[in-house]
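Report on the structure given below.
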Amino acid sequence: MPVEIHPTATVYPGTVLGEDVKVLENAVVGKQPSLSPRSTAKREPLPPTEIGDGTIVSTGAVVFAGSRIGARVILGDQSCVRERVTIGDDVVLGRGSLVENDTTIGALTKIQAEAYITAYSTLEEQVFVAPCVVTTNDNFMGRTERRHELVKGPTIRRGARIGGGAILCPGIEIGEEAFVGAGAVVTKDVPPRVVVVGSPARMLREVPDEELLDD
Amino acid sequence: MPVEIHPTATVYPGTVLGEDVKVLENAVVGKQPSLSPRSTAKREPLPPTEIGDGTIVSTGAVVFAGSRIGARVILGDQSCVRERVTIGDDVVLGRGSLVENDTTIGALTKIQAEAYITAYSTLEEQVFVAPCVVTTNDNFMGRTERRHELVKGPTIRRGARIGGGAILCPGIEIGEEAFVGAGAVVTKDVPPRVVVVGSPARMLREVPDEELLDD
Amino acid sequence: MPVEIHPTATVYPGTVLGEDVKVLENAVVGKQPSLSPRSTAKREPLPPTEIGDGTIVSTGAVVFAGSRIGARVILGDQSCVRERVTIGDDVVLGRGSLVENDTTIGALTKIQAEAYITAYSTLEEQVFVAPCVVTTNDNFMGRTERRHELVKGPTIRRGARIGGGAILCPGIEIGEEAFVGAGAVVTKDVPPRVVVVGSPARMLREVPDEELLDD
């Protein structure tokens, strides 16, 4: 099937679109970043965006140059993917969500509406991020020179689930198949296959067997 | 007064627009969903969007097919209303907020900026949802088959108020005229006319008489 | 350098654009508010938007009439600035964030992605607001007549830092160089140069000297 690009969409030259890709109303694909003179982000020239077969870039979504999106991905309405992001196959990115620069997202992961994935994050495969989850990467919030070497987003291991509105402090690791309850504020690493809840998050119990991935 | 549709807006054929409806810059009305092969959402063909007299679809807003919006409603800038949603008269939906599919919102309800209303929610009349409120509907976050029959959004009764950034766990009922404080994490039902605060939310006192609706 | 306005952008007549201003894809500048018949906001005619030299209005951003934006400001993708807002020089407003009406933001302040700055807020210079921060201004959430005289957003003093997903209750003052931890729910004023965390937020320690502004 041919690529479909809505007449109101903007797709920059050089963008690589797989078969059957759809780019919906007002979406913008292949945008180069407009960095502030004060930004600490990298300034190398960015290669074009690559988008895999069957992926849909929904209404009003923005995808930056230098990112590679897999096949059969849905980038939701009004979502945004920054530069140097790698997104695996069959990922769903919810409406209004944001994936910041230099982040990797594994296949089959679902990031729901309005979630915020900070720069320098790693999400493995089959992760579930509920709506409005907040991630962070800088304990110094812009102060001190050494923060630059310490900036680190979360590492969310295969099959972990993060509940609605939960907040992950910088550099946290969420173990395989762990479960973070809605509204939890996670201040330290979470071991595999445990449930944590509360502010600050504390362990509640193990994840029941019937909720584990069965492969 | 005639309908006004900005030249940059997209209104799909079949959409029913009442008198004096305004559709502002880059808004998209009557969009059909683009479901993932893996989505569990329903796949029936959707009837056109219907929008009542005097309603404004603001800049960059997206309204899906299969939804009915009342009269004198404001759908804020960059907001989104998914499919099979019913919105009563005189509702205000704040900038950037999202109402997911299969949700009902009563007349005169105000949903403020960046709030997230999950699928299968019921909000009665004169409800107040403050900015950045998070609602949820799935305790299993995508695991187990029985989750499909258990998915349930909140029921927010007439005149209840939900504070900024509060989080409602799946299936919660908020009683008539109840008050949920800013940042509360609500893990169980809230009785009518009480104030709850904290994480997890606990009862603090009754709502003062002078703050009750007077009709 | 000349002004650059993307062909898909809408800039309303009268807007004052400084040298080298860029208005990117689908941005809307100089929009007049569409008030609800029930809104309590002011209804004076609004003067045109003014935007300073070198400022970038990014993709899909919306800037209302009656606001003045300084020089070298970045208004991020899909962000929104309401009416009667004053933004100083060298401010960064993150992707998807919202600054409500009648708010003042000092020079060099950084408001990160998806943050919500309520109406009638004051942010001084060099403030850092992390992603997804929530501010509020109305303890009555739309009830009682006297709320109109009591509505008050936060006052965030010079150099203060507010962590990811933190929530500020109405009228809170955050002292100079204070630090609010990620996910904190701030229910009372925070003195200068202290660190607060938790829900409700409590003082943890003083801000270390090496994290203070050095001028």
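To keep things simple, chains are lettered A, B and C as they appear, and every chain counts its residues starting from 1.
By definition in this document, a contact is a pair of C-beta atoms (placed from the backbone, for glycine too) under 8 Å apart; a residue touches a chain by one contact, two chains touch by 3 or more.
Everything numeric in this text was worked out from a predicted model, so none of it was measured.
**Student:** Write the angle of the rotation needed to overlay subunit A on subunit C, where the fit uses Cα atoms and the result is rounded to the nearest 5°.
**Tutor:** C-alpha superposition angle, subunit A on subunit C: 120 degrees.
**Student:** Do the two copies subunit A and subunit B share over half of their interface residue numbers, or under half; same or different?
**Tutor:** The interface of subunit A with subunit B is built from mostly unshared positions.
**Student:** Give, as an integer number of Å, the spacing between the C-alpha centres of subunit B and subunit A.
**Tutor:** Each chain reduced to its C-alpha mean, subunit A and subunit B end up 24 Å apart.
**Student:** Which positions in subunit B are in touch with at least two other chains?
**Tutor:** 8, 26, 60, 78, 96, 114, 132, 165, 199, in rising order.
**Student:** Under the definition above, what is the set of subunit A residues touching subunit C in their complex?
**Tutor:** 8, 10, 26, 28, 31, 34, 36-39, 60, 62, 78, 80, 96, 98, 100, 114, 116, 118, 132, 134-136, 138, 140-144, 165, 167, 169, 185, 199-200
**Student:** Considering the complex alone, what residue numbers of subunit B touch subunit C?
**Tutor:** 6, 8, 22, 24-26, 56, 58-60, 72, 74, 77-78, 90, 92, 95-96, 110, 113-114, 128, 130-132, 161, 163-165, 179, 182-183, 198-199, 210-213
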